[in-house]
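Labels run A, B and C following the written order; every chain starts at residue 1.
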Amino acid sequence: MDWVNAIVQGVLIGGLYALFAAGLSLIFGVMRLVNIAHGDMIVAAAYLALVIVQATGLHPLASALLVVPLMALIGYAMQRVLLNPTIGKDLLSPLLVTFGISVILQNGLLVAFTADSRRLAAGSIETASIQLAPGLSLGVLPLLMFAASVLIIFGMELVFFRTSLGRAFRATSDDPEVAQLMNLNRNHVFGMAMALSAAVVAIAGIFLAIRTNFDPASGPARLIFGFEAVIIGGLGNLWGTLAGGVVLGVAQAVGAQISPGWQILAGHLVFFLVLGLRPRGLFPRMD
Amino acid sequence: MAQAYSIERSTRASRITAIVALLALAALAAAPWWAGRADLRLLGEVYSFVALATLWNLLAGYAGLVSVGQQAYVGFGGYALFALAMFLGVHPLLAIVLAGIAGALIAIPVAPLLFRLQGAYFAIGTWVLAEVFRLGFAQVSSLGGGSGISLPAGVVAGIAASRPLREMLVYWVALAIAVAAIGFVVLLLRSRIGLALTALRDSELASESLGIDIWRTKLLVYVGVAGLTSMTGAFIFLQKLRVSPDAAFSVNDWTAYVIFIAVIGGIGTIEGPIVGTVIFFLLRETLADLGTTYLMILGAVAILVMLRAPQGLWGWFAARTGLTLVPVRRRVVFSDQSK
Amino acid sequence: MAEPILSIASLKAGYGDFQALFGIDLEVGPGETLALIGANGAGKTTLLRAITGLVGCAPAMVRLDGRPIGGMRPDRIAALGVAMVPEGRRLFRSLSVEENLLIGGERARRGDWTLERVYDLFPILRERRRNPATALSGGQQQMVAIGRALMANPRLILFDEISLGLAPVVIRDIYAAVPAIMASGVSAILVEQDVTRALAVARKFVCLQEGRVSLAGRPGEHDRQAITAAYFGLAR
């Protein structure tokens, strides 16, 4: 039963990984940018939620009402001021600017909050669970988060394929020059993409803060988990990314069952395995 | 109208540079006789960063392989040195060379995997590799597991009979590694592969049509850099005398600093990483007590350089003066202008 | 004569060190169609890129309704009512036919062109509106590109080589739509390799050669030989 339990937990945490991945994937899809600061932004959002909860006494989940718009705003500004000037020139400049942002964020959080690990308490909902079978129970909170992650990914699909903003994203990604001739301001479109990514990052940060301990150095691992989910699932396919997150979550859970030291390592090895056997991911987009 | 021309690589400045560089090298080689013990240590550290930044620059600035995971090879080299010296009784200085070879060998199967990652995703892939190494070495209990291990005194004593002699030898090894790294990059860029890389940088499509095997060229660069980075890592941890997973595979120490050095000095030039390292150490010696803040300042300066002067300090200087000290590209010289 | 919609005065433009245009002057009046002809590399595409803002130039070199727009951001110029049918069509490949049209009408000026009118003009597009744009035949893709430009309700529309690579029968279909487009009162610049066809549609023409205007006038004004000379740069 331990194994079944581990796998179920792995599936549920996979939803969170998919959430880490979704924002990363969106940015890459629209502007071919890999945001190395993505994980650190997730952790920064977690700290933002922490500060807001402490200051206002809001429930952590309710803090999203403030954290999401704030992060979206920060994302938009970051894109316009720091990233847009580097996009389209070469691979190196945007990558290195996000790397710089990552280092600054990480060390800034360290100065502001020390290296102590923190956690957001979500109250009684944390311990609530549903008994599925003797010895197998599902936490209400992880289940809720998984459902929310699926809903958010569904929402992102809707935005991307059913709205004029999504049309602008896809058009700018296809042909940035001609998109400008369609009355689309490239800088604004990219800013909106980063804002949307940062809004998803905000939710991911709050969920992270409730589920696990976090500290200023937690960012890179979140970036890597998100990245692995993207590659395992296959580029340009958000449902594939969800599946990738689940595969990664299960791999880590199984690894942890073998030995605690193998939890993260098992995830990395599955990633390299997929890269070796199916370089386009398990669910590549048809085109 | 036909005009007489020749193709030259060297400039007058570069010939002077060659002489000055040789003199400087001789002076640096003589450092054990004019510098104190602490200075030698510091210089050793400077050389290792010159090597790391030069090698990263070759990867990212010339071959388009932007890595944020070079700590994989720094740490691997460090652990390889400890393992070779402790378990096989290899002389530590020989172990540095062997660690380099081991690093290159391990890069051969790894590279094809990483090359499957599209564009900028390659960067994060290199980071995952470094994490695999970190978590993997943490599992090896004979190398201290997660908490690390110190180099036994007996091994250290085995380097040379007396302490001054030991320090002298270690210093020269560091200098040799830096010279080897720069030499490797310069020679590589002057070879056929250098031409291939330049073509590659201009247009991947065009170079493919010229019959350049992009994949093999990149593989060669990646493996060569991995080997030399591992050697540098082996030296770094020989000087530190202690290795642990977190120190060996630290992204801040072996990649963040190195990238900032290369960016500030000037990516895509030979001189840039050297200039960047000098600035890095000057700043560090004056801002040492700032600690965490120092890293943030460096990050901010690097971002500013990327946005305002992406060619870096040396690139900016060279563009204004037309100076090239270490020429790696060929120039067409028209005979009526060359006089 | 009515105030011109577009007036270009001593326009110089190029890419980096390479100068492609050396002082171009021309005007397009309301509802007027100007044929822009010239050999490959004469500077026709650069001229269109300067009008749309994809290539920089001094503000006063390009005026729309008397307002200097040279060097303005492309999306701003588009918002003022300049639309382009780019060479090679350049449809958005991840968008459907209808989405390609809709994006042309994004934040468009007010006017008569709607999805319905574009579908009336090119009925085949209505049938195929759910298809990915790049799944269509070349001629149908060209219709999408034209429709996409019309959706913006432009005052000035730039056609860059709309017959390039298409079969003669398809070209005829495309050109059959031109009178209906012009009837809506839009002004146009038509870049075309096929000089005879261009001159048949246009009220006036400008011939470029090596970045300069080598001949300009009305189609009937100059004989065949003069145009050929201006086109290829033969002895004048």
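We take it that a contact is a pair of C-beta atoms (placed from the backbone, for glycine too) under 8 Å apart; a residue touches a chain by one contact, two chains touch by 3 or more.
This one's a predicted model, so the numbers in the text were calculated from it and none came from an experiment.
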{"item": "Pairwise touch network: line, ring, star, complete, or other", "value": "line"}
{"item": "Busiest interface, counted in C-beta pairs", "value": "A-B"}
{"item": "Chain whose Cα mean lies nearest the overall Cα mean", "value": "A"}
{"item": "Between chain B and chain C, centroid-to-centroid distance (C-alpha), Å", "value": "53"}
{"item": "Chain centre separation (chain A, chain B; CA means) in Å", "value": "33"}
{"item": "Centre-to-centre distance between chain C and chain A (centres being mean Cα positions), rounded to whole Å", "value": "44"}
{"item": "Set of chain C residues in contact with two or more other chains", "value": "none"}
{"item": "Per-residue multi-chain contacts in chain B, two or more chains", "value": "none"}
{"item": "Complex contact set, residues of chain A against chain B", "value": "28, 32-34, 36, 82, 85-86, 89, 91-97, 99-101, 103-104, 107-108, 110-111, 220, 223-224, 227-228, 230-231, 235, 261-262, 264-265, 268-269, 271-272, 275-276, 279"}
{"item": "Residues of chain C touching chain A in the complex", "value": "52-54, 73-75, 78-79, 83-84, 86, 90, 92-95, 99, 102-104, 106-108, 148, 152"}
{"item": "Contacting residues of chain A [partner chain C, same complex]", "value": "164, 167-168, 170-171, 173-175, 177-186"}
{"item": "Contact set on chain B toward chain A in their complex", "value": "60-61, 64, 66, 68, 113, 116-121, 123-125, 127-128, 131-132, 135-136, 138-139, 146, 251-252, 256, 259-260, 263, 267, 292-293, 295-296, 298-300, 302-303, 306-307, 310"}
